[in-house]
Amino acid sequence: MGSRIRIIMGSQSDLETVDEAIKVLKEFKEPFEARVLSAHRTPKDLIAYIRSAENSGAKVFIAAAGGAAALAGVVAAHTCLPVIGIPIETKSLKGLDSLLSTVQMPPGIPVATMGIGKAGAKNAALCALSILGASDVRLRSRIAVFRKSNAAKIRKIRLKV
Amino acid sequence: MGSRIRIIMGSQSDLETVDEAIKVLKEFKEPFEARVLSAHRTPKDLIAYIRSAENSGAKVFIAAAGGAAALAGVVAAHTCLPVIGIPIETKSLKGLDSLLSTVQMPPGIPVATMGIGKAGAKNAALCALSILGASDVRLRSRIAVFRKSNAAKIRKIRLKV
Amino acid sequence: MGSRIRIIMGSQSDLETVDEAIKVLKEFKEPFEARVLSAHRTPKDLIAYIRSAENSGAKVFIAAAGGAAALAGVVAAHTCLPVIGIPIETKSLKGLDSLLSTVQMPPGIPVATMGIGKAGAKNAALCALSILGASDVRLRSRIAVFRKSNAAKIRKIRLKV
Amino acid sequence: MGSRIRIIMGSQSDLETVDEAIKVLKEFKEPFEARVLSAHRTPKDLIAYIRSAENSGAKVFIAAAGGAAALAGVVAAHTCLPVIGIPIETKSLKGLDSLLSTVQMPPGIPVATMGIGKAGAKNAALCALSILGASDVRLRSRIAVFRKSNAAKIRKIRLKV
Amino acid sequence: MGSRIRIIMGSQSDLETVDEAIKVLKEFKEPFEARVLSAHRTPKDLIAYIRSAENSGAKVFIAAAGGAAALAGVVAAHTCLPVIGIPIETKSLKGLDSLLSTVQMPPGIPVATMGIGKAGAKNAALCALSILGASDVRLRSRIAVFRKSNAAKIRKIRLKV
Amino acid sequence: MGSRIRIIMGSQSDLETVDEAIKVLKEFKEPFEARVLSAHRTPKDLIAYIRSAENSGAKVFIAAAGGAAALAGVVAAHTCLPVIGIPIETKSLKGLDSLLSTVQMPPGIPVATMGIGKAGAKNAALCALSILGASDVRLRSRIAVFRKSNAAKIRKIRLKV
Amino acid sequence: MGSRIRIIMGSQSDLETVDEAIKVLKEFKEPFEARVLSAHRTPKDLIAYIRSAENSGAKVFIAAAGGAAALAGVVAAHTCLPVIGIPIETKSLKGLDSLLSTVQMPPGIPVATMGIGKAGAKNAALCALSILGASDVRLRSRIAVFRKSNAAKIRKIRLKV
Amino acid sequence: MGSRIRIIMGSQSDLETVDEAIKVLKEFKEPFEARVLSAHRTPKDLIAYIRSAENSGAKVFIAAAGGAAALAGVVAAHTCLPVIGIPIETKSLKGLDSLLSTVQMPPGIPVATMGIGKAGAKNAALCALSILGASDVRLRSRIAVFRKSNAAKIRKIRLKV
């Protein structure tokens, strides 16, 4: 079987953002697969990939796209698994277009939307892990440890004012 | 062969807006076909319809959708014919979401986007006619006559001030 | 044990929106618990509830709030379970404030954000079900049936144009 | 006869953006003519050019302008041929002003609006070609080949993750 | 000679807004002329009217339009007299489109833009009067009296709290 | 007597923008006076200056400010002469705040608002000149010459495409 | 001596919103004075009132205005006492204009800005009380009691789901 | 007893902005304490700190956060002392998200919101001082002196135009 988490991005340039998600998954040693597949430029490949991912053990999709960001919604249209959307920051509208295109889904087909850009990408990975963790108490504990370690870092900060 | 203009809307409630396009096409006696097909809820039907439309004489698509309005973009992803997008006005964000989701297409797959709501729908029909008119001088003349008649109506206005 | 899905709303007036989620859960016969708890007005009750929910079988939280909508983020800060946010439409800014307050989370604490208002509420329930479905193939099949039934309704539409 | 595609830009500085359209047209070996003509600063020259373009074989206009971007609308007011608008990214409002000024046309005079900036410019060329392709099956095939070549490039991407 | 103030609106429906300007001009007994002329639908009539207005004593233009509101800018492109723009409130974007289309003029062609809707229309009349008043000390005094009378009304308010 | 045009800016840093207005006035050899006076930080100086300007031949005020840009409105509150507002581009909101604070004046006190930033500043000078030109046919001719010279520059552009 | 809290609104129509503040102050039996005074239409009365309020025991100002809402900023320019701003909801831009005009103050002159409309007005009163409470532990206790009573009301809600 | 002013920021990177507040407090020789505490990542520490601050002489809180900026609201939920919010400028949405998340508080729990970024931070300090000054006439005089010194600096500016 393949990995439980599948990351799809609409363009190669999205990798810079998506990399924040990948770092988290690596830190958790959670296997994943990442692909460039476009809802607009390779629509058939995209649908084929979703089908094959479902058949090889995928449990959560993460989809990152910018502008008229149809990607996450199209993934969600073709699977009943949870789909997490990362709105990529865009040059002109700064990702407001990506955000609205990802989050304002019609009733019936949800996309679990994260914030714009790198913070959103990091959170996409953590959201995917929390989804897997909903039925996996050990993973949930590992998320708790991860959070505690982050909190400890914040506590150690000594401001020079 | 079927009609040259094919109208697709993402939801039955969009018909109230799309009706402005239909009225123009009827006035021009230009045949058309109108369908409810959703990029998110009936994605396979949508793709099948685009294919069959192309095979039965379609020359222009008009796609109307609201919110995370992937419809026009998905149609454009599956055809090389011109695709006109109508952003439907939405309850909360008033169609700004629909507009950005329709117009901010990635390079490679254009959607000819109209204004939000009824004015956009009326113009979608006129844009479709102008596209047909690019290779049909008689139709172009009829558009000119239509415009002159509108201009004449404006000229006849007597303001009571 | 209590229900797997816990719905929290920031104000009683949010129920009108949240009701769209409740209808879906009832249709799926998925048990849930719904509470009014405010991140700003009853912060201690909120934290206590999250703790008790985690201890009584909760697997997913749904949090609905409007304006400076801290609710979903505060829930997410206190649990490692998945948290779904519903941005409530507001009177002046139409939910843009609620959306940005819910979705733009800092790295480390994700909120799976839905669209603004009723469509978002309906999708929150479906997203929660898809999360449970990630480890429950039967539930996933039921979501697929639900979608097919919706698609069938769309197919039956006969437009009067 | 002159070229079928006529590009008008409101300012010389728009060429940097419009160049994306030009590259596509060159790749397709589709002749075009490009001019700087301003709706506000050279209104009479603009109208004269539209008239002469129509008389010398123009089939589609592409108009690029920023800010209170009246250009595409004014071109559309003077021709019944299809007019494609490119909203130029602006310094302060990032092209949101250009987009709304281009797309929110009154009923009766459509502008086929593209996305903001370079992606919009590239798509303007492809949209113009698709309009010509509506009555030219060979051109349509060439667009399909162009798309397939783009899809193939996406398929070849090997992410280093 | 004709009146010094010329009001142009893009559509008959704008009269409801423009009426606020007209009431002020009537109160000042300042003659004016009001016309419906569209930059997009009757462009030639518009240009002809500007020319004839200039030749018959016009000193200030007021132009009211909504959406992709090119009207004031096009008037300004054809006259060196001051042009005041009123952005009409629109159904979907509430006049933000009209405002940006009116105010964000390119360097070289100014439009003196008022606020959106009725307050803007009232102020357009007062701005036109202040422009005439710049070279007419008596008119300036009358504006001062008008303002004092408004201030006196505010002073008389007795709040019931 | 002093100069007819008085420029007020809210902060020294606004001079970079306002300089575009100054260049135009110098080109027209139109005398002006420019001051830094803040509606918020030197309110009494501001009011005193407006009074003295009115008494020394001022005919038009130009006011430039950013953010919660009260300046132009406060100037307009203290004079019946025409007041032109320049919204300064701001770091975070890019001048949208400045624009709305300047243009959305209450009924009774107009501010003739220009576009955001340098284009707006250049146009403020041209608007001031057109106001003076409303009663000065020679100045109006000079504006026409200025425009023709700009148009000629546009005509000379040879695009390298 | 007069009351410690002084409420200024820019227009009589703002009272409907401001009434939410007044209700809170009455509930706390905290004396206050409320006036209609406009930064734009009665600027001198406004300044005179601020001076007299300072001399008669005022400790906090509350200023409510809409659109280009200069009121709170102008009050803050004339007093070193804390100034709380209420952005009034507007017809077209829904109070986004009022919010930005109130909150985006230049460095040096703060306005403590509340949310748009009625919630903001209610909070303005509570903010004024908290400011008085900063040096008045009994008042602070009363605010705590007020909050507890509100929390108790939330706790009593029984949702019918 | 500890200092009267307590500054909390959501992330260490906010210090660059908050430093503008710190400089003012140092100039006034007003003691303060500054901490990094996150509403989302260290929620319990945050609540504990608020409690201990209240018990050690805190009179005003300043809270700075960006994005879904729940910090100031959560502080306000846990204290009846005045809370001043600084919306931090964000990368994608430029602080509009931070502003709306901070200012649009539900009725009952006010946050005294400043402008976005550094100007807001400087004003937060001045607002805190004005709150302390409401019951401390000497501090109020020092604020007046500070303002006069700023005004004097503005008066000394000699523009080179």
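When the chains are written out, they are named A, B, C, D, E, F, G and H in that same order, and each has its own residue count from 1.
Rule of thumb we're sticking to: contacts are C-beta pairs under 8 Å (C-beta built on N, C-alpha and C of every residue); 3 or more make two chains touch, one makes a residue touch a chain.
The structure displayed is predicted, hence computed values, not measured ones.
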{"item": "Inter-copy rotation, subunit A to subunit H, in degrees (Cα atoms; steps of 5)", "value": "90"}
{"item": "Whole-Å gap between the CA centroids of subunit B and subunit H", "value": "51"}
{"item": "Chain centre separation (subunit B, subunit E; CA means) in Å", "value": "34"}
{"item": "Subunit F-subunit G separation of Cα centroids, rounded to whole Å", "value": "33"}
{"item": "Residues within subunit C bordering two or more other chains", "value": "38, 41, 67-68, 93-94, 96, 103-106, 108-109, 111, 115-116, 119, 147, 150"}
{"item": "Contacting chain pairs - touch in the sense defined above", "value": "A-B, A-C, A-D, A-H, B-C, B-D, B-E, C-G, C-H, D-E, D-F, E-F, E-G, F-G, F-H, G-H"}
{"item": "Subunit F residues touching subunit E - in the complex, by the definition given at the top", "value": "20, 59-60, 80-84, 99, 103-116, 118-119, 122-124, 126-127, 130-136, 140, 143-144, 147, 150"}
{"item": "Touching residues on subunit E, where the partner in the complex is subunit D", "value": "10-11, 38-41, 43, 47, 66-70, 73-74, 76-78, 90, 93, 96-97, 100-106, 108-109, 111"}
{"item": "Interface residues, subunit A side, partner subunit D - complex", "value": "12, 15, 19, 22, 34-38, 41-42, 45, 67-68, 91-94"}
{"item": "Complex contact set, residues of subunit H against subunit F", "value": "89, 94-96, 115-117, 119, 147, 150-151, 154-155, 157, 159, 161"}
